[in-house]
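Each of the next two complexes has chain A plus one more chain, namely chain B in the first and chain C in the second.
Presenting the complex of A and B:
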């Protein structure tokens, strides 16, 4: 079957308003609305999105430092933990919310026509706004109390955040489309994120995962979540920490910390995985999109 | 513009109704071959039509005929399995009013969000927001949350935003079903404006009057197929014929065991069913013969197999030769009947304090139907006959209840009124 549509010439304000511009406008309106709605009706409002990672931080810090006696050796552990938790909370909440962004908007999908990916984009962007505010707060507060250790590597941070957002978007697209057909995914994804939380050295130092073995450290670093978190930690909190011995990048431009751990070629693996997840997410979404309306 | 606004050729839309619930992974894992178990339901079959620019097209059909599906195909919400569709122009993305309204947002915020779905940017909407609010007559409520609005206010706001769409082709699904008479008038004012502006409108509705008044052309769908396509009046008439035949058939399918004679004189969908009809006197005694001037009550026992939203009870009196003497129903007499929940029932009484019919044999017809007599629940033609006896010697059909009086002018010009008779 074929469906063709071309915009009419001379249909009012549509002239000059490209489809893309209209769609971006809708993304923005939906994202802002969701952000607003999330925090209206609760007394503390936005503070909750700050409290939750702070609580997790407090608990894990107490457990690892006082119970397991790890992390005390590093002067950066507290802030590294906080940064990692904020990054991971974004990953977890953005994917979980975006997963139901299509299935939860059935009324709109059944009654109005627009690219469905707008819903996923808006949902993840709304979580991204929260994340950016939290991240800024940490950097400001961390710098104020003199705990930030910013080096040349910190300039790479925006790139890692872009990588994280791409990963979130890739997962969100795939999950939101599949969730329309398989509601079990909600539970499965909860388990997967728990595994990622403990498997990606979020709540403990990366060294604890590797036990000093170089190979173990390299394998764990293939996981893009671990790579992004460890990279941001070493860009923002321990930016001046020297690269491990055996890596000689000279005094050239800043190099991602994990590239020094994994080696330049192997470092492409987590990056390619992110690209693959994005490609897979887009493919799944495109494939299932035409069937959303009749399954909601 | 020469090209057609909408050109639909051989459109088919199939829904796969799964016979098992396969929407959990467990089911998928434990029933690996289950994907083959579904039933195909064709919501649209080989539908073709061409809509020229500027036409006001109506689509009618009973529930489940595929008219809303067709509209969704035109809106590109559903992708048809077969056929081709070409659309020339910007199609309004909305099918219904208030799509995407959020009760937690203020009127103003909802207008911007709704506008964004319509394709209006924030800047464009900012220029129009005052007009939108004014048209909806909600100037004092812009910062109120939508959840505090009455449904009428919400509909006004939704309509006011929807007409901002700069679309050349507008698709509307039952927009007239909501709102009161003055709202509908407003709708039609806007429709008329659209017509003047040469926009193409496709309206799906149940409202045959609206279709006849506004549509240039009407499509009638039945079971997913296009059965009529033509001027509004002709297609509306065809639809009425179809509805009549359908309710007859429905009744016969459900009551095949009944004698054919009764089937001809009794029809309806039987959500509410008449169980017994009696004629009783003032003492509650059932009779088949009444004296003229005596009290008579029609008692109708019924059961509700299904709770219906509205039902109206009517009675009709005919002379045995079929001459209709009198009839009324609860809607005309401004009585509201409430339907008991499924399984419940009751008795409806129609009391005539003094029977004014004169000596003859009479027939009683009773009916239960919806408010506008579009749908008969149980229509029982000539359910019983009764006789009225009048020994006064009056002639004709009815006793008028008239009174006689006279006045005469005497020689001295005195008036001497005298009541001679009182017609009893």
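Presenting the complex of A and C:
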């Protein structure tokens, strides 16, 4: 008995130009629709996407600066914190929203045949639109107050953002597929993102992580979220070359050539982790995709 | 010319009962389905509740993938199976049309070209179209969905027992539209409990039971066979639809 993939309406290994255009069109429509629907019925609308990270920033800044006396010495701490919070909020919201992007759209899945990964892609793109608007606002405000360094180093920022988006997409694909069958995942992911928030030096300077706990800092630096956030901070705000993760960002490396070797090696770990997460996400999604419709 | 063909199709679903420490069991919703879909044919599918009609339509529409066997449709398939929420209940009728059109595979230029025609097919006023879909009645949602399905000019149109929510005039309009599509070469597959409609409308009818095709014949033969074999069940179903409590049957 032969098992044949359904080739007629665009899915499958070989996608023609027409099917590709149709899929891109659908991604675009869904992303725009989700972006609009997110703010339907809300008085402040899009402003919530700006207020939420700003509120988290205000609370965190007050606690760390006034209560724990952290970051007072750095004139750039406020902007570094804000950049990190906006990056992390994107990671957190995009993965959380994408997780329910398949389970929450059973009404679309039961209507037509299309690659289900489009739902995840559209969801993450919708969050990405919000992130880009927020990031642009920060760059404009940061430049206006003279704390943003938009030199050559800042050109590295898009690379780190691509890395972040790949990470978000990898997690989103895996989580959204598993969430159709295991709803416990929503609760587990909330705890994991909290762990990442405090383990990735988002709300405090990276130097605090490595201070007195160099090994801990180096291990934390292997986490791609920490690496991306710290590198974007350095590319945009502090004005230093983005040091490799695991090397003490606070005071800079003592021996520059050693830092280069260490840097190259330690960059490989977070990048490999991102690649592994994307590969795992795609594998899980492709394996579970045929069973979505019957479970929704 | 064939618009599509299902060959030896099995669709297995996982048993949803949770059985700790034991592997999930599987049940077959469709078994050994082989079905040709000639261009322009009006095919009716009849069978009792749970016989596999909707699963068959969803398999034709590509929503379910065959577990075994192959299902091939040579072009765009549009289904009118589930019309409850459209593409999103908070979106307006117009927004729903736009998203569903893209979902059914219409390109932006195709949609631009056919948009006014599709709007006119809905029979809804401009005011209605600007309201969110959660304010619509079931019949209005069907109008929206059906107009789009017809306006997409599909190769295969799969319609489930959703027409029953429409008023008599719109039901007649739907039948006319399906006839018109069929004349233009679209294969129309209709699952229905209305045996009189099936006899009047279809070119060919298949009888389904427990996921298997019991008979593939002319509508008159299929309906006679179905009434003979499942007459009591069918009468109970129709009586239930009409709000009558069936207490027993006499031969």
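Just so we're on the same page, the second predicted complex is superposed on the first by the 249 of 296 C-alpha atoms of A that agree within 3 Å, B and C clash if a C-alpha of one lies under 4 Å from a C-alpha of the other, contacts with A are read in each partner's own complex, and residues count from 1 in each chain.
Methods note: contacts are C-beta pairs under 8 Å (C-beta built on N, C-alpha and C of every residue); 3 or more make two chains touch, one makes a residue touch a chain.
What you see is a predicted model; the values in this text were computed from it and never measured.
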Q: Examine A:290 and indicate which partner it touches, taking first as chain B and second as chain C; both and neither are also allowed.
A: both
Q: Name the contact category of A:190: first (chain B only), second (chain C only), both, or neither.
A: neither
Q: Figure out whether A:107 sits in contact with chain B (first) or chain C (second), or with both, or with neither.
A: both
Q: Mind working out whether A:182 is in touch with chain B, chain C, both or neither, as first, second, both or neither?
A: first
(Q) Under the contact rule defined above, give the chain A residues that sit at the interface with chain B and also at the interface with chain C. (A) 1-8, 11, 21-22, 25-26, 29-30, 33, 37, 40-41, 107-114, 290, 293-294
Q) For chain A, which residues are in contact with chain B within the complex? A) 1-8, 11-14, 17, 21-22, 25-26, 28-30, 33, 36-37, 40-41, 107-114, 181-185, 188, 290, 293-294
Q | In the complex, chain A residues that touch chain C | A | 1-11, 21-22, 25-26, 29-30, 33, 37, 40-41, 107-114, 290-291, 293-295
Q: Give every residue of chain B touching chain A within the complex, in rising order.
A: 1, 15, 23-26, 28, 72, 75-91, 93-96, 99-100, 102, 104-105, 109, 112-113, 116-117, 119-122, 124, 166-168, 173
(Q) Considering only the defined contacts, which chain C positions touch chain A in the complex? (A) 4, 8, 13-14, 58, 61-79, 81-82, 84-88, 90-91, 95, 98-100, 102-105, 107-108
